[in-house]
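Each in structure tokens, the structures are laid out below.
Both complexes below contain chain A, partnered by chain B and then by chain C.
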Partner chain A sequence: MALVDLGPVFVGVVVVYFIVVLGIGVYGYRTTKTEEDFLVAGRNIGPLVGGATLSASQMSAGTLVGTFGLHYLLGFGFIWIWPGLWAGWIVSLLLVAPQMRRFGRVTVPDFIATRYGDDGRNGDYSRAIGASLIIIAYTVYLSAQITAGGLIFQSLLGIAPAIGMFVMAITAVAYTSIGGMRASILTDFVQAVVMAVAVVVAIPLALYFTGGIGTVDALFQSFQPSFVGNSLTTAEIAGFMAAFGFSIAAAPYEITRIYSMRDEKTVRQAIGITLIFQTIIGTSVAILGVTMRMMFPQLTTPDLASVIMSLNVLGPVLGALLISAVFSAILSTVDSIMIVSGAGLAHDIYGKLVNPNATETQKIWANRIAIVVLGLIPLGLALNSGLLGGLVQLIVVLQASMMGGMFFVPLVLGLHWRRANTAGGVAAMVVGFSTVVAWHVATEIYGVVPASVTAVITDPVIPGVVMSFVAMVLGTYLGGKPSKKSLRPFFGDSSRGRGSQPTGSPSADAQSEAGTSGGDAD
Partner chain B sequence: MSFSTSILTFLSVASVYIVFTFAWGWYKGRQEQDERETDQDAQHATTGGGDH
Partner chain C sequence: MAPLDPGVALMTVVMLAMAVGTFATGVYLVTTNPPVDESKFVGLGSEKLTDEQLAAQQTADE
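Let's look at the complex of A and B:
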């Protein structure tokens, strides 16, 4: 049965929303002339749009549906997950994002192939390892996002999940393959603004219906004070900080957005702006979750609390807008991942390894075709959920930890430790990835790790990063020194000292790639 | 802890993150600007004052 009455106002708002999204796709198509336009939006994204896109790609439907439901269920205290999560952005601000923007390429494997390029094949092996793992992990993860989209369609509109999955996947494939990163980022901006406006406007309405914040407080203080207090312990918050700190700072879909911004200053401002967006949305969702518990204490499915609020508190237009924001949140996560996995196949595998002499037009179309293919494969997996058995569930649960375990140490040490070499970088990637999977299998499937250990080590990314670090140090000291060519884009000319600017400009990079300034390896 | 106090506590922590982020951005921006100016001065001195 459908929760939403498909009245003319609701249908009108949703239709306008989808027209805007597809219009943005067409605008992206018209402004895309090169692969750099397609994959990093011509590198002209400013701080406001940049901050919004970081927010939208991080906050999926989980924020408006799952997190909202958790506040409804557990109370206000769950809000302390946000400072844990923001530790990731602080790590990124200090150690990763501005440095990656200064490097200024297109994908994370671009970084891996350049910094860890002393593999006898100019970084091809390192690139292939990084790109392959990204493509596999993200393609499977997309199937879970599409499945979630189908289930939300079913809950709201009462239609078969397969139809919802098909609509979500085809819409995302359409505007992303047409408009590339520019379309993806601009739709993220629309989504973040819609999400923020909808939840902020809902607060006075919800407080009006409940009699004000004092009434809410008095009610819960009388029988369950912890519901409106701070229920997470410091250890739990520290656990979130460790897990998210590694995963967010090294997430390839966030780094691709970092590449799209104008310069390092813009990157730092955008991180500040995403924290503002997340504070507004996180606080609003927490307050609304608590007030919804007071208004509707007997909901059997807490995940539907935000939808019930949309229908009963916000009124037809704002309610439809919030439901559109839920769909939009799924789409923005799907398009963010799609463009990164597509780039892994088209830019890293096809453009760099298979056909390095491809023209710009060939590269753009390779990216479009890759997005279509890597968008339809997850749709197939979602429609046939038993196809890969437990592998889908494993990757869905672990994808963020896998990326953190695999890329955090190679990124941070590659950017800040001159001695780090190719043997160390590749070993760190492989060992970090393997440790995350092994830890998950040992704890969740075989249960061989004592509970006292898992109470402290709350996420597989933590042992993954530790072992990755050990592998990096061992590999580096067992191998030779890195070549000057692999260091120059990150540390500049060694003769000019630490303060010198690295060669991050496209022209310098192009020269370096052509070998005109890169022949002086140790 | 009252609901209002919980909200204000969270917003205070959030504002620490936000202020730190912008302050760090401002500090690094100035540092990079100084480095650029130092590099330009050094380049200027090497080329003998350029077109003065």
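Let's look at the complex of A and C:
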């Protein structure tokens, strides 16, 4: 049975919304002339749109559906997830984002191949390892996003999940392969604004209907005090913060957006904007989830809480807009991941390893074809969920932790430690990735790790990062010093302070070639 | 309006303080310029060199 009454107002709002999104896609197509336009939007994204896209790609449908539902189910205690997210952005601001923008390439494997390029093949092996892990993890992760989208279609519109999956995957593939990163980012901007407006408008309405926070508190104090109190332990809160701190700073789809911004100052301002967006949306979602529990205590599944709110609290226009934003959020997440995994195949594997002399037109079309291929494979996995079975579930659950365990240490130490070398960087990637998987298997599948340990180490990214750090230090000191070539793009300019030309710009490259860069590692 | 339980009130104050602090941090980042990098070290003990030192080292390398 469909939840949504497909009245003329709802249909009208949804149609207008998707016409706007489609128009953005066409605009993205018309303004895409080079691979750099396609993958990093020509590097001219400003702070407001940049901040909105960081927010939208981070929060997405998981916030409006999943996190909203968790607040509905668990109460205020889950609000500690938000300081964890905010801490993640601060880590990114201090250690990764401005430095990566200064580096100014296109993908995370570009960084890996440059900084850890002493592999005898100018970084080809390092690049291939990084790109392959991204492609595998994100392709499987996409299948879960498509599956979730199909289920939401089913809940809202009452149609078979397979139809919803098919519509969502085809829409995202068509739209992303046409519009590229510029279309993805501008869509994110619309989505973030709609999300923020909808939840802020909903708060006074929800409090009006429930009688205020004091009434909500008094009600739950009488039969479930933990719902309105702090139900998490200090270790769990620290675990949240560590997990998000490591994962956000190293997430390839966020770093690609960092590459898309104008300069380092824009990156700093965009992170400021995303903190503002996420403060507003995070606290609002927590309050709304709790008040929805009071208004509608008997929902069959918590994930429906935001939809019920849209239909019963926000009114027809804003409610329809928020539901449109839920669909758009799923599409936005899907297209963000498609661009990154497609770039792994087209930019890193085809453009760098297979056909380094490809023309710009060939590169753009390679990206479009890669997006089609890497978009249809997850659709096949989603429609045949038993195809990879437990492996799919493993990657879906661990995707963010895998990226954090695999890339956090190589990125941070590669950017800040001159002595870090290729052996250390590659070892850190492989060991970090493997530790996250091994920790999950040991704790969740075989249960061989004592409960006293898992109570403190609440996310596999924590041991992943620790072991990755150990591997980095051991690999670095057992290997030789890094070459000047691998250090030049990162430390050559640093002696002249942040006001210098971003590396990657023609003038910076010219200065590097002229020999004004730093010397060997210490 | 019903009064808040003291424990809930404390947690509400803590969370509000964190939210306000994060919001203020966002506003600060949006409205100010990045600080000039005057630190001495590149990271983990690797000392930065002046342009003159870099040039001298480059010459020595060659």
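To be clear about the criterion, the second predicted complex is superposed on the first by the 473 of 522 C-alpha atoms of A that agree within 3 Å, B and C clash if a C-alpha of one lies under 4 Å from a C-alpha of the other, contacts with A are read in each partner's own complex, and residues count from 1 in each chain.
Just so it is clear, contacts are C-beta pairs under 8 Å (C-beta built on N, C-alpha and C of every residue); 3 or more make two chains touch, one makes a residue touch a chain.
Bear in mind that the values here come from a model prediction, so they are computed numbers and not experimental data.
Of the two partner chains placed around the shared chain by superposition, chain B and chain C are both touched by A:Gln269.
Applying the stated contact rule after C-alpha superposition, one finds that A:Thr233 touches neither chain B nor chain C.
Legend: residue contacts after superposition of the two complexes on their common chain; A:Thr301 is shown touching neither chain B nor chain C. Within the superposed three-chain model, A:Gly211 lies in touch with chain C and out of touch with chain B [touch as defined at top]. When both complexes are overlaid on chain A, the residue A:Arg419 reaches chain C alone and has no touch with chain B.
Contact with chain B, but none with chain C, is seen for A:Ile287 once the two complexes are overlaid on the shared chain.
Touch criterion met: A:Phe491 reaches chain C, while chain B stays clear of it.
Once the two structures are superposed, chain B and chain C can be ranked by residues of chain A touched, with C on top.
Chain A residues 76, 79, 82-83, 86, 90, 93, 98, 213, 217, 221, 225, 228-230, 264-265, 268-269, 271-272, 275-276, 279, 282-283, 499 lie at the interface with chain B in one structure and with chain C in the other. Within the complex formed with chain A, the chain C residues making contact are 1-5, 7-8, 11-12, 15, 18-19, 22-23, 25-31, 33-38, 42-51, 54-55, 57-58, 61-62.
For chain A in complex with chain B, the touching residues are 76-77, 79-80, 82-83, 86, 89-90, 93-94, 98, 213, 216-217, 220-221, 225, 228-230, 264-265, 268-269, 271-272, 275-276, 279, 282-283, 286-287, 290, 499-501.
Only residues 1-4, 6-7, 9-11, 13-15, 17-18, 20-22, 24-25, 28-29, 32, 35-36, 38-39 of chain B touch chain A when the two sit together in their complex.
Within the complex formed with chain C, the residues of chain A that make contact are 47, 76, 79, 82-83, 86, 90, 93, 98, 211-215, 217-218, 221, 225, 228-230, 264-265, 268-269, 271-276, 278-280, 282-283, 413, 415-419, 484, 491, 494-499, 515-522.
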